[in-house]
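Per-chain residue numbering starts at 1, and chain names A, B, C, D, E and F are given in the order in which the chains are listed.
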Amino acid sequence: MTRVPDSELVLIPGGTLITATPEAGRALAFAISRHTIHNLQPDLDVLKEGRPKYSTNPDSLIAASQVVAIEFQTIASANNYWKK
Amino acid sequence: MTRVPDSELVLIPGGTLITATPEAGRALAFAISRHTIHNLQPDLDVLKEGRPKYSTNPDSLIAASQVVAIEFQTIASANNYWKK
Amino acid sequence: MTRVPDSELVLIPGGTLITATPEAGRALAFAISRHTIHNLQPDLDVLKEGRPKYSTNPDSLIAASQVVAIEFQTIASANNYWKK
Amino acid sequence: MTRVPDSELVLIPGGTLITATPEAGRALAFAISRHTIHNLQPDLDVLKEGRPKYSTNPDSLIAASQVVAIEFQTIASANNYWKK
Amino acid sequence: MTRVPDSELVLIPGGTLITATPEAGRALAFAISRHTIHNLQPDLDVLKEGRPKYSTNPDSLIAASQVVAIEFQTIASANNYWKK
Amino acid sequence: MTRVPDSELVLIPGGTLITATPEAGRALAFAISRHTIHNLQPDLDVLKEGRPKYSTNPDSLIAASQVVAIEFQTIASANNYWKK
């Protein structure tokens, strides 16, 4: 088994939910979602095999985008929606 | 591979969650949802192939509408529900 | 293609999340959910073809009702739950 | 078509989210969930036909219970969790 | 039909969302989830028949655990997260 | 039946939602999610049999990651997002 590199297994990349901008907050939501998958399945070969299946299936993409949306809710709230 | 144009890959189009009206906030929820899909799958050909599958399937449409609903929760809260 | 009429494509019918009563707030949740579907799929013929499929399938009805529930969370919060 | 009686189509039975107890709040979550289904599909014969399908399918029951959970979140928040 | 005992049909066992500890709050989330299923399907024989199907299916277990997570959100908030 | 060890059945490992860091909070979300599954299905053999099924299925992994996201929402809120 080829293991996902350690840097891809950090649960909260950067160690904080606070970001400078909504764009950075959204990128963090993507990163957290991806690292969650990596922790549930750290075998790179299995992940690579799964990629074409889910990334060409609209329903899988919709499901994945929902997870990002939920993570973003948490991050946006943590940043008080980046209001000034 | 024909890549989705860069403008369609911005995670938070406009760079802010704040909008003037509920209608604009809802439009932002749609845009964020769509751009999320684009980032998960930036190959335009794959996206175009998936479109007829999901857009004629009631269950896929319901799932997609749920993602928009979740994104809108975040945006509506960010705007304090556009109360005056 | 027969396009859904423009009035059915408004994202937030009435332009506000504020309603006089819980009943009206719930009706708005239904309307927003329906208009979301219309925007994702504005072809009336496709929508009409999908209707019998999803409306006789308990799982589809449950999924649709979940979307209404999520939209209502936002609307109820916007109205401070119609407390006096 | 035998139509669901009007009383079963009220979106928010009782017209308020406020209840005296958590038990009554939970009952309201069930009622709202059921009435949502009735509004999406008001044909009693279709509903009766769907009942044995979903009520003997664990996945459908889990999905239905999730909708009740989401409705209850809203109602519990409206009642400030019935704290004294 | 063998009916689930009345004690298993109480919607909010104990009649309150307030618990002494997070552990007790989580147990309440499990109980509420289970009682919801019982109310949707009070026939003990059907429930017993469904048990082996869902409890050996990872996707069903994940779906069930999501419902518990949502119920727990409500209970945790009701208890102000058991902060001292 | 080989039963999951008792330590894996604690509903809230550590007995609190409060953690020192976002990373620890996320780890708690994973632990709570896993222990929920263990409580729903405490037979270790069944769990081991299910593991290869869900862990190689992208849709199952996405669903599991959504549960972690929901648990994390609760934990992050309990910790006021670890703001200083």
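Some observations on this one:
Just so we're on the same page, a residue touches a chain if its C-beta (ideal position, glycine included) is under 8 Å from a C-beta of that chain, and two chains touch if they have at least 3 such contacts.
Given the structure is predicted, the values throughout are model-derived calculations rather than measurements.
Here the chain-to-chain distance from chain D to chain F, counted in touching steps, is 2.
Shared contact partners of chain D and chain E: not a single chain qualifies. Look at where the CA atoms of chain A average out and do the same for chain C: the two points lie 29 Å apart. A straight line joining the Cα centres of chain A and chain B is 17 Å long. Shown for chain A are the residues that touch two or more other chains, namely 59, 63-64, 66, 70, 73, 77. Judged by the touch criterion defined above, the protein chains form a single closed ring in which each chain touches exactly two others.
Here the chains link up into one ring; start at chain A, go to chain F, and the full order comes out as A, F, E, D, C, B.
The residues of chain B lying in touch with chain A in their complex are 10-12, 15-18, 32-33, 36-37, 39-41, 46, 49-51, 53-54, 59-60, 63-64, 66-67, 70-71, 73-74, 77-78. Residues 21-23, 25-27, 30, 55-59, 61-66, 68-70, 72-73, 76-77, 81-83 of chain B touch chain C in their complex.
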